[in-house]
Every structure is written in C-alpha cells, then in structure tokens.
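Labels run A, B, C and D following the written order; every chain starts at residue 1.
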Amino acid sequence: MIQITIIQIDNYGPWTVTPNPRRESDLQALQSRLYSDLNLQFGAHKGLVFYTRFDNLMAITNGIDTETHKRIQDSIKNRYPFTVSMASGVAETPYEAQKIATAKIQNKGSAQDKYRTEILDIEELDNSIENTVTLAHVDINDITGTLTDLENAYDTYVSVNEVHLALIKELKKYNAMGFFIGGDNFMAPCNGMTEEDFLEMFENIKNSTGIDLKAGIGIGKTAEDASNMADIGLELIRDKKTATQVYTLNYEEYAVGNIVNQRTLGVNMDCK
Amino acid sequence: MIQITIIQIDNYGPWTVTPNPRRESDLQALQSRLYSDLNLQFGAHKGLVFYTRFDNLMAITNGIDTETHKRIQDSIKNRYPFTVSMASGVAETPYEAQKIATAKIQNKGSAQDKYRTEILDIEELDNSIENTVTLAHVDINDITGTLTDLENAYDTYVSVNEVHLALIKELKKYNAMGFFIGGDNFMAPCNGMTEEDFLEMFENIKNSTGIDLKAGIGIGKTAEDASNMADIGLELIRDKKTATQVYTLNYEEYAVGNIVNQRTLGVNMDCK
Amino acid sequence: MIQITIIQIDNYGPWTVTPNPRRESDLQALQSRLYSDLNLQFGAHKGLVFYTRFDNLMAITNGIDTETHKRIQDSIKNRYPFTVSMASGVAETPYEAQKIATAKIQNKGSAQDKYRTEILDIEELDNSIENTVTLAHVDINDITGTLTDLENAYDTYVSVNEVHLALIKELKKYNAMGFFIGGDNFMAPCNGMTEEDFLEMFENIKNSTGIDLKAGIGIGKTAEDASNMADIGLELIRDKKTATQVYTLNYEEYAVGNIVNQRTLGVNMDCK
Amino acid sequence: MIQITIIQIDNYGPWTVTPNPRRESDLQALQSRLYSDLNLQFGAHKGLVFYTRFDNLMAITNGIDTETHKRIQDSIKNRYPFTVSMASGVAETPYEAQKIATAKIQNKGSAQDKYRTEILDIEELDNSIENTVTLAHVDINDITGTLTDLENAYDTYVSVNEVHLALIKELKKYNAMGFFIGGDNFMAPCNGMTEEDFLEMFENIKNSTGIDLKAGIGIGKTAEDASNMADIGLELIRDKKTATQVYTLNYEEYAVGNIVNQRTLGVNMDCK
C-alpha cells in the first residue's frame, strides 16, 4: 500500500492577479521555493514531493502521520503569503491513492473558493510489512552524448517532454504515475508493476519516440528508502552490471545482504 | 531581436551520483532553489528564467549585459556546490537565438566534461528600438471548473502536459518557444508571431487535445515589460473585454496611452 | 537534562577568501540561508537553532537522535559548497552541555583544519521524565514606544545590543545561555534557573542599562514545546494577567489543564 | 556622501503572535531568509544589507535608485506574508544618513501601526566623484587559535559580542556604524574616519576587552566596490604586507594601478 498526499495552494490563481498581475519572476521564485521547502520538510521525514503543477503538488508520504502534515501546513502559513490544503489517500496503487486524496479536497470546495482554506485530511498507513513504496528512477540512455551535447537546447527539451508525456500516459495504464525530476530523469511511484511491465512500456516508448529508457526500481518502507534503492539499481545498470535495462532492489533484503552486495556489486552503501 | 541565455550546470550528472547517489529530496530542493535564485537575480534586471530541464535553463535577457551575467555566475559559485556556464545568442526569433547560444556552449566541451567550467559567452543587444521581447502568456480556459475541481489530480496533470507538449511543438514551427510556468499557465517567447498565428495554433491544439487556450501577448524592451503587458492582455480576455482569445499590448504605446486605457479598459497600471 | 548541539562549518574562513575574497552580499546570503535551513530541518523534529556566530551555531536538540543529525549533515553537504561538523553534549545545564559538545569537536582538530570534515558525535537523551528543556523568551518592555518609534535606528540597535551583552553574561552566571532572535527578543535555554533568578537578573540589567525586561519561561520535552510555552507565558505577561514580569508554563501540566487554562487565561492553545 | 536605507517589516511584532504565537523555528527561518533575499536583491545592484535587528535592517545603497527600491519592495510583498517599508538618507557620515532615514519612516507612523504599510521614501545620490562609500572590514587577530579551537563555544560567543558592543559604541563617536557579519568579522560604514581613528579605536578596545583587531578599509562608488577593497586590504594585513593593522585601498586608484599593484602586492584582482 502506498500513501499519496495532494498539496494544493488555497485560492492561488486569484491571488496572483490581485490587485493586479504580480511580477512573473517573483511568482516563479515563490513557487519553486515552495517546492524546495516542501521537499526539505517532507524529506526530513523520508517523504518525497513532486512539483506536478507547482500550485498542485504530490508527495509520497508512507510513514508520515497527520501531526507531521499539520506541522508542515502551519510552517507554510507562517512563512508564505498563502496557505495550503493537504489530503492523502492510501491504496494498492499510486493512481488509486491520489484519486482518493483528490476527492477529499474537492469535496471540501473549489481550489478557488476563498473560504476553503487549510483542509487537512490525512489517511495514515500503519507500519505493517506490506506497506512499502515501489518507486522507479527512469532515465534516458546517454542523453548527454545523443542530445545535450549534440542538439540545440530547445530540441532536447522537446524530446525530453515527448518522453515525459509518453511515460506518464503509459504509467497510468498500470495505475502508476510519473514525474519529471530534472535533466533526463523521471520518478515513477509504481506499486504493483513488475520488471516485465517496465520492459514492455519502454518498448512502446521506444517505438513511438525512438528513445531508449532504463529504470532502477526500489522497494522500501518510505519514499527515501525506495528512492535510494532505485538510484543504486540505476547505477548498476549504467555500470553494465545487470542483465536487462530494468533492475529491482528491496531495501529490507539489501540491508541484510549489505556487505556481500558491496563486494559483489562494488556499490558503497555507507553514503546515505 | 531577442536575447536568449542558456544556463547549464557544469558536470552536474556525475556530481549527483558521486561518490554515491545523493538523496532525491535534497536534489529536488537544490535544483528548484537554483531556479528560484536565478529568477530573483535575473529578475532584478528585468529578465525572466524558465526551468526547462532544471540542469539546463533558459532565460530572456534583453537589456542584461556581460558583467551582470558574470556577477550572477559568481554568485552561484559562491553559494552552490557546483558552477554554471552561460551563453547567450541574439536573433530575430527565440528559437534561432537559443540555437546560437547552445552552439557556443557545446563548442567549449561536453556538459559532462569536468574541465569545462564557467563558460561565459554573452552576446548583448543594444538599446535600439527594434530590440524588443514579444512574450505570450497562454492559459487554459476555465481549468478550475473543467479539470482541477472535477478530475483527479493526476488526470489533470496529464491533460496539462498534453497541452504543454502540443504547444511547445507548435510554437517551434514559428521559431518560437514555450515553457510551463505552473497551474495551467505557459509562457512563450514569440518574436515574429502574429495574433493570427496564435489563433491558428490554438485551433490545432483544440482539435488534437480538446482543450481551449487563450493568450495575452506583450511587447516590451525587457522580459519583464513584455510579461507585464502579456498578463494585462490576458486579464482583459478573462474579463471579456476583447474581441478574440488573443490580445496584444505594447509597453511603449501602453505607457503613452495609460490614462485613456485605464478609463477604457478598467485596468490599473500602477501596480508594477 | 538538556541536549545542546554545536554545528560548525568546516574550514569556512579559508574558503571565504579562496582564491580571492568572495562577494560579501553572497556570503551574507549564504550564511543566513544555512541558518534558515537548519531551523527548518531541526524544526521538523521540534529542535531550535540559534545563529550564534553564523559559522558556529548552537541548537537545542532534545529528542533528536544521531540518525537525524546525520541526515541533516548529509543534506547540507548535498546543497552547500561546504560541509558541517556536529557534536552534542547533554548536561543538567545548557552551559555545561555546550562545553561538552565543544570539546568533542575541538578534540578532532581545528575549525580550520582542511582534513577534519563532517565530525559527527551525538550524545542522545532518552525519553525519561526529567529530560526536559527549560527555555525563556525574554523581551524589552514596550520597545516600540520607547525606542523603535522614538530613537534613530542605530541608537536603538546599540541599546538592544547593550541589553544583549548584559543578558548573555548574566545568564552565564547561572550556567544558562542567551541568544538574540530578532526585534527586541532573546531566547535563553535555562535549565536549573528559577523565576527568582530571572527577577534578580532583570534587576541587575535594569540597573546597568536602564532597560526593563520580562520573560515567559516554558518547560517541555522538546525545544518547540518549551518555546511554545514560553511564548504563551510572555503573552500572559503582556496582557497583564500575571503577578510579576516572569511567568512559567509547563507543557505537560498545560496540556492536562488546557481547557481550564483557556477559560481562565483567555489563551487559545489550538494554534500549534 | 553615503546613502543608507532603513528597511522595516510593517507591523511585524503583532503578526508574530496573531492569532497565537507562531513557531519560533519558522520565524527564525523566515527572518533569515528575508535577510538572505535582501542581500541577493540589493547585491544585484552592488548594495549590501546588514541584519541589524532582523525586523529592522540597514543597507548601504549608493547608486541604487527609487525604482530599484520599489521593485525590491514589491518582490517582498509578492513572496512574503508581510510587507516592508523603506526610507533612505544621504549624508557625510553613515550615522547622520541613517538618522535622516529613520526620521522619514517614524514620521509616517508607528512600526506597529497596521495602516502604515509600504512607506517608500528614497533620497538618491548622484554619480559625482565625492559620493563614495568608505567601508571597513574588521576582524579579530587569530580568533581560531586563541578562541574557537581553545575556549568553549559560548565563551567565544560572549567574547565576540563584547568586541561587537565595544566596536559599535566606539564607531558611533565618529558618526560611523558597525555590524556583525559572522565568525569574528564586522563591517563598518565609516565615511569620514581616518586610519589613525581606527588605530586609536582599536587601542581603546584592546584596553577594555583584551582583544586585538585589524581592519581593511575600502573606498568605492558602491558598497560592493568598497567591500571588495576592504577585503583585499584585510588580506594584505593578514599576509603581513602592511606596516600597520589598518590598510586602505581606493577602488578608483586600485583599478588604475591594477597591474602594478598586483606585481607589488601579489594580489589577484581578477576575482570579482
């Protein structure tokens, strides 16, 4: 089971043009700082936030309780010119979880209702063994050699966005989700998906865009544990230490087999 | 003529995994803070930055000289664990300008060359009358009523990304560019495009995605002046004060006709 | 028992002038951002950080374990152009605790030893009943009416600094510590001090500087709980609901007597 | 002539306790971020800001006009939960300049008047030759060897604050001002003071505190130019290339005599 939190700035659209449109560079600075802060604050509890649409963000929040959400919500109010609403859902798949979370916020009123502020409706997961996050770190094969150093910046950007759209639509078919995390990197909460699903999906994307993808998949109790495993899996693929372009690591097993793995795979686990 | 600056983090990819993959929430916080800072620092000189791929950013920098670029480059080195390279190009169209800028950086070495650091190659525009920025602020008609309050967050996000990709590809046909700026908003540096081009482009996007767009187009000496005009144009469309879904305002004429415009259009220009 | 953590930027002095002195506005931006981030990150775990000398900071960290310190230390390395060392001490009084913490860092090498990086030596407190933080929030009586609105800004600043120095020296006599937190406000970790000690200390400071002080004193399991209690105590004094200029609230008792207290004192506890 | 700007958060005190006291770690994060941002934004125009009391800050703003102040004021409103007022004064000495600036703000109402917001009253200096900033960078001789690595952190902090208070009071005698900038460093806007004044002042402070100080003094058209010169002067003293513990460099002459100076003094001026 995965826990997904929706974070929505309350009545943000109207604020940006009241009493007159606000300077765009300020709004970009403000929105990206909010995203930065939310990653530090959820990150302090091993969560991970995606910017999504900047005024509507999504976070993986397994292991993060209502009080912690409330404390982050207060902190935003204490430091920003607006407030945020938050709701979480838990489900077998990420897509289902966000659907539950969205419904909770929508039921309380419109995103542009000025009287609907600071909704907080957090469904928590308990600590039982099946409540893990499955998270894939996807990237493009050799983007530096094939795009960044070769094509102009806008064309590379268009290519990355083609992959992005193809990926987020493909992932939805599996009730998973995908988010851009910079460069040529994507993160996909994907509880329920198998390595075969990824290989098939990458085949489809290759066919439609001509671009090759690979993925480290991590499993862990929190977004951070899963993300760390996904990163190491991706490094193993980059170093050609895996049979296919998809490789899965489970934090629990990895921790147990740590010393053996280090010797075998040449990966140093002390980093995090 | 428009001046576009490419900003590239030097050798960033390798750094993120050295000696081991760094925590993802930290990287997201770091990248979005860089984007925030660049908007404050270029914004201090009426520029505007788009996050593009976070490790490769683009800015509209009409009116911003080499020394100012150098000072921002120094400031990043002084406060971040990495350095950035910057190059600008000037051309009749945004797409051509970024192409020139990209070539300058690529000619100095790979984005992942550890000895290629802090490239600075800025072509400046003089202050002559034809050197203006044309910038469109595009948004989706009533996204709150049709998507945000109705669909689940992920589906809305997919829809916005469908529009995004269609838009950035269509704009390229006109040698223009497009960037997501949060919510349902896009900004398009579009020197050389006409209102008719926009109406035709929106028709195409409507046909392929089913989604209606509108655009305020601003013209000004700097990104900020143009952006302010675009914002006001968009407000006029929202208030149904225009004949079509595209409306252009020129900063120079607007300033001259300020009082008349305020009376006629009910817009207060004192804000910025 | 109180737990105090010393945070020291590794080899910072030499870095600020290598290869040449760095721009001062950048250094101020960098240092204050570090302070800001540490407050968000320790604050996420109910700690509280004081800027002290900006390159050497102190935090109250009751309830914050080694792993959390390590995660914050990593996060600084991941986002800043330097690393930090951290050590904590626990003792009956704040002054003794910081002494232990300082010794741990000094024993590992000089602050300007370039090979001594990322020391981490955290002594944790268990959760037993006697391990509470006592924290006073001190301010100047009616500074707005007597100084800010009347004297010039520099003279007010000198006056506040006179009080600051008198206060931090007086507090040391009781093995307590004091820090400026903006405006006319000071925070003093003061385990072991009584209300009488404060009244006597304020009398001395009044005699030497002519300035009247008051203090809310809070007791709680964490810096945040104690701080909240201190704030409420100070509000009660401001509202003339207390007999003297010093008032103590204990989080544990307060929570128990919450409803009664709210009615009696007119304070709303729901805020935090 | 020097231009000093006072920046005051409007009605901040009441906001911090409305409807109830806000979390202290959030307030510290908020205040230090404001200080950080103001240094980036004034720094973008070669100004320099001191935190002073965090809710009342001072900046050296030679060369920064009303429009730029207004743009920074707007940017704060666009990104913070409060607004700021700003006023500047120009005078032969820093102390006189801030006095004029303070009076302008006080005349418009109390710092805690909720209807007095966003005062903007900027007196600008023209670009004539006599309008330079004189700025001293003062530090403690070998603080790492004598205090940081030897004494406990609190005792070092008390010592630095003793020096700080002595310094800011001594400077006032010369109509100069002093501010702590971290570590063992102070910056003193000091138009009108001579090297002899500094030597005499340091003698007094040595007698009262037992601590030795030194100072690089810089003269330039802007705070940044002066600050850079002060930094280089201080480096020359540290490297024992000067006759006394005070050394002055003038940006205009320095630039002219740059190559000679580099050879003579071994300083590389290319850095900034």
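Note that in this section a contact is a pair of C-beta atoms (placed from the backbone, for glycine too) under 8 Å apart; a residue touches a chain by one contact, two chains touch by 3 or more.
Bear in mind the structure is a predicted one, so any value in this text is a computation, not a measurement.
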Greatest separation from subunit B - chain, by CA centre: C
Chain pair showing more contacts of the two, A-C and A-B: A-B
Subunit B-subunit C separation of Cα centroids, rounded to whole Å: 42
Inter-centroid spacing, subunit B versus subunit A (mean Cα positions, whole Å): 24
Intercentroid distance (Cα basis), subunit C paired with subunit A, Å: 35
Subunit A, residues touching no fewer than two other chains: 23, 26-27, 29-30, 33, 37, 40, 43, 74-75, 272
Subunit A partner contacts - residues on subunit D that touch it in the complex: 22-23, 26-27, 29-30, 33, 71, 74-75, 77-81
Subunit A partner contacts - residues on subunit B that touch it in the complex: 6, 12-13, 17, 19-33, 35-37, 39-40, 42-43, 47-49, 51-56, 58, 95, 98-99, 101-103, 106, 110-112, 137, 144, 148-154, 156-158, 160-162, 164-165, 168-169, 172, 177, 181-184, 187, 223-224, 227-228, 231-232, 234-235, 267-272
Interfacial residue positions of subunit C with respect to subunit A in the complex: 37, 40-41, 43-45, 68, 71-72, 74-75, 272
